[in-house]
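Both of the next two complexes hold subunit A, though its partner changes from subunit B to subunit C.
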Partner chain A sequence: MQDDPGFSIVELLIAMAVTLCVMASTLSLVSDVQRGFASEGERADMQQRLRVATDAVSGDLLMAGAGAFQGTRAGPLDFFFASVLPGRQGASGADVAGTFKADTVTVLYVPPAGAAQTTIRQSLSPQSGSVSLNIDAGCPPNDSVCGFAAGMDVIVYDDTASYDTFRVTSAQAGSLQLQHTMLDGTQSYAPGAKIVEAASHTYYLKAAAATDTYQLMHYDGVSSDVAVVDHVVGLTFEYFGEPYPPVLLKPVTEPTGPWTTYGPKPPARDVRSTAYPAGENCAFQLDAAGLQHVPRLGFLGDGTMTLVKLIETQLTDGPWCPDGTSPHRYDADLLRIRKIGVTLRVEAALTALRGPAGVLFSHAGTSRAASRWLPDQEVRFEVAPRNLNFGR
Partner chain B sequence: MMDHRQADGMVLVVALLAMLLMSALGAGLILITSLETIVAANFRNNREAVHAVDAAAERALTDVALVADFDQLLNGSARSSFVDGLPSGPRMLPDGSIVDLSQVVNLASCHKTTTCSSAEMDAVTVDRPWGANNPRWQLYAYGRLKDVLPNGAVDSPYYAVVLVGDDPSENDGDPRHDGAGPGNPGAGVLALRAEVFGSRSAHKVVELTIARTSRGGIRALSWRALR
Partner chain C sequence: MDRGFSLIEVLVAMMVTTVATVALAQLSVISMRANYVARATTFTTVLAAQKMEQLRALAWASDPSGAEMSDTSTDTTVVPERSSGGTGLSPSPADALVTNTPGYCDFLDANGRTLGGGSTPPANTAYIRRWAIEPLQVPGNDALAFQVRVTPIATRVTGPHGRTPSEARLFGIKARKGT
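Presenting the complex of A and B:
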């Protein structure tokens, strides 16, 4: 061992230099992998949140307008009332009638397995109370409440473009106890009005800067507001509608429909069913001679069948259905809706992966190194509700 | 003086630790990205299935409109031109999985894979609450969706099955005949059930209610995606 000359200072320096180079490249590699490990997981999570949001919203939009499928007044809801509303509707926190909110949509439809559908036996006021039922054909056999059950949400509607939503609190012996889940009104539904199981789905953006909470929310129309997806920072709904006004297909006195291409049929010439003059409703009026029903709505677009984008003013300027005095009136142009465009934007949950607010980031994060940034992701899709497009 | 063998050992340990760290991080990344690929593929399959089942229903509707007597649909004597052989037996999907047509009909009619008895089909259940008027599904159209149009114009891996049944709002208690007369609200009304099957167990179902128009055509009353 004594003969061992050991390392010279030059050898030591070379060895150290080589080691440093190897360590430096290794560490830089580790650092890259570590950064990727942190951001890729978040990126995957953002995409998954987009998928969940897309799935939830598109599933309900696709079903919008599905109506009763048996008995009287069967068919899509847009033959009776607007089933896509640009605002929040329901028992709590409902928007003022006629409101347009670009980041909120409410859709109504009869759920796929909704076998409970019949007509009412006595007149019904649009407020909480009881209603007796007719047991129409299509009701389950030996069922005195035609498939309705406590906890079920229902819609009552008729030919006047009115509708009201309720929750069934009890069901027995041919009658239902109903909790009204909209603003109470005064216009009663006559015996024979349709009552069906229904679903109301409101999607909206919750943006609370104080608590840094940005969520896609769902409201069931009665009591439950639930967050669907976190860190959703953008939500916009656009509406595309039928350019042609509704057309009367057959005399309104004919016993079976459909009477119109879309929208509620008008009353007979000498019948006044709403605040509109006799023979008229929100979709149709009488001509100058008072003889023929003509559309109240006008032509939109360039004269082709191409769907037209419906802007806020068009959806908030009337004519109103069922009429301007109704506490939950809606613009008749909502009956035109055939397609809905949805834009969703999500942000990285970790502030360390977000840079300064701007084009890439809706909300600022803490990262100053662009190599660590994970910009907001945005997706846009369009849904054509099947039940609102049968006539096209 | 330092022992050279010990120094070599230290380098080896450091190198192994570095490799271990990098391997763990790399494996984690691979796991995340491969999972992401699978999730994305499932999502895409699901979206595609929605459109596939819609297409299958539309295809069947064009043939239903040509049938003058709905009873022929309800007793199974009329079938769509979109069929790929006998109305029973297994069909193989592109991923090797099997769809058995008889089982599809039985599952729709009584939630069993084996033959349904009359009592089972008439049983009142949550999704079939009409008892004797419950639809007794008949195979109407079935085949690979890519065969809907010639020359491979449709590039779809889905297998489509469309069933027809009587409208449950009929009051005749006979689900093999379309009701007649003004007193029967279900006269001229049919139920259609379209299903598609794809790879990775992708499966979508929609039900439609259709009605004969006064001009002899067909109009849809309701389109419902079952979840």
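Presenting the complex of A and C:
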């Protein structure tokens, strides 16, 4: 056996020192990478949630107010009724008339491509039942129900600032079976009222602390009430409105509109269509002499054209459309809305990435190490619905 | 006869391992950076769209008598907008997209909240948003071309055509409406 002297003490010390240095730097690297590994995926996820939420909300807000495009009473919905409501509307869980909720919005619009639209042949009361249709010019050829089909959502409206939403349950031979999808109403629609395919979209925040559920929800006004994005902890809508009152552009007896700069046209002087006196509606009244239509709404702001932020009291104090007695009443100032501000806030899904509640976190997590925190992410954006930008 | 590794051999082996590990660690750095750029791009796009919506909602119409109603004074650098002290839809100077021109630029924090306009960004500025408004040379001269450019302040890297990686540029046209 050969004599093996092994390492000298100097060699051993150098080797240990080198090993320690390498180990130390590797470990510090590993801990950084591990932290990144734990949080980067969630960070990307948060961004994705914010993006999806922004896209979903802005896409529908942008369309608000788009109306029928042929036949009588064509044009943006806000020439007839308010298409943006600060509350929930629909068949289930609807807010009572005149509600203002900062975290809820409902928009109505006629879908852009080939929406079915015509007028009704018989009077229609606001409850489930059947209605027969006129086959107006513009209906698809050889179609006895003018393009309507089962499962479609429709709005019926007239010139009184009233509207009612329905879902078509069946369609055949010039008539539709309708299921009423609003709170019970009182308005009865005369033959000739418009019926048009339309979508209702309600976005709201679901905040259930007990189950730690925070979601951006979407309700279609009838049956589908689903979460769009999880871990949304903040949702606020702000409304910016036209400071000028509406103006009557032509005699209300003219057959085609628009009759006003915005809002529903008043009835002729001697006609009473709502609880307002004859010749008046929620947007217009008669002057002292009872001869001329003048706006019921006033000026807001400082006399310039700049949009004014509409606050809760302005949107819940009347004047009411179609009138104060209607179970579907809405504030006439909602007709002023030209721009909607949206603030969205999302949080990290993992409690291990959230710190104590405060400025950074809406809901506390379990992490005490600030280096691992993934603060809530917030974004604010505005949408000017294209069909509500009258004169802008 | 096996005498094991010499110290030199061990050192070389460790060097190789270290280099490999550091190179791998670079990967995670790259992925974090990509994540950051993705977030900045999302934000700049939303912020650019937001300014576009503000400009679209300014009055640019003819009133019932046919007189032009043009908003040239609204200050869109604050929320809610102020009715005076701003530039509204007035045409911008030629270099409005590249320099901070008061009235055609505002500063935003990391959450996209506006910090106001001016020419010098406040300390907590994360994004600079500039916009240009140009009358289109069409009959009647009544359409406007908008350009909005949002640049994250942290990225100093400049790519081809002077564009930073996560900046957003949007272009839009607004026509005068009758009432």
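By our rule, the second predicted complex is superposed on the first by the 381 of 392 C-alpha atoms of A that agree within 3 Å, B and C clash if a C-alpha of one lies under 4 Å from a C-alpha of the other, contacts with A are read in each partner's own complex, and residues count from 1 in each chain.
Heads up, the rule we're going with is that a residue touches a chain if its C-beta (ideal position, glycine included) is under 8 Å from a C-beta of that chain, and two chains touch if they have at least 3 such contacts.
Quick caveat: nothing in here was measured; it's all calculated off a predicted structure.
Legend: residue contacts after superposition of the two complexes on their common chain; A:Glu378 is shown touching subunit C, with no touch to subunit B.
Using the contact criterion defined above for the overlaid structures, shared-chain residue A:Pro141 touches subunit B, although it does not reach subunit C. When both complexes are overlaid on chain A, the residue A:Ile14 reaches subunit C alone and has no touch with subunit B. Touch criterion met: A:Phe37 reaches subunit B and subunit C at once. In the superposition on chain A, contact of A:Leu29 is made with both subunit B and subunit C. When the two complexes are overlaid on their common chain A, residue A:Phe69 makes contact with subunit B while staying clear of subunit C. Within the superposed three-chain model, A:Phe390 lies in touch with subunit B and with subunit C [touch as defined at top].
In the superposition on chain A, A:Thr306 makes contact with subunit C only, not with subunit B.
Comparing the two interfaces of subunit A, the one with subunit B and the one with subunit C have residues 4, 26, 29, 33, 36-37, 40, 44, 47, 51, 390 in common. Subunit A makes touch with subunit C in their complex at residues 2, 4, 11, 14-15, 18-19, 22, 25-26, 29, 32-33, 36-37, 40, 43-44, 47, 50-51, 54, 58, 238, 240, 247, 249, 261, 301-302, 304-309, 338-339, 341, 377-384, 389-392. The touching residues of subunit B, counted against subunit A in their complex, run 1, 18, 21-22, 25-26, 28-29, 32-33, 35-36, 39-40, 43, 46, 50, 54, 124, 126-127, 129-133, 167-171, 184-186, 189, 207, 209, 211, 219-227. Residues 1, 3, 7, 10-11, 14, 17-18, 21-22, 25, 28, 31-32, 35, 38-39, 42-43, 46-47, 49-50, 53-54, 56-61, 63-64, 69, 71, 73-74, 79-84, 111-113, 177, 179 of subunit C touch subunit A in their complex.
Residues of subunit A touching subunit B in their complex: 1, 4, 6, 26, 29-30, 33-34, 36-37, 40-41, 44, 47-48, 51, 55, 59, 62-63, 66-72, 74-76, 110-113, 115, 136-138, 140-141, 143, 147, 258, 386-387, 390.
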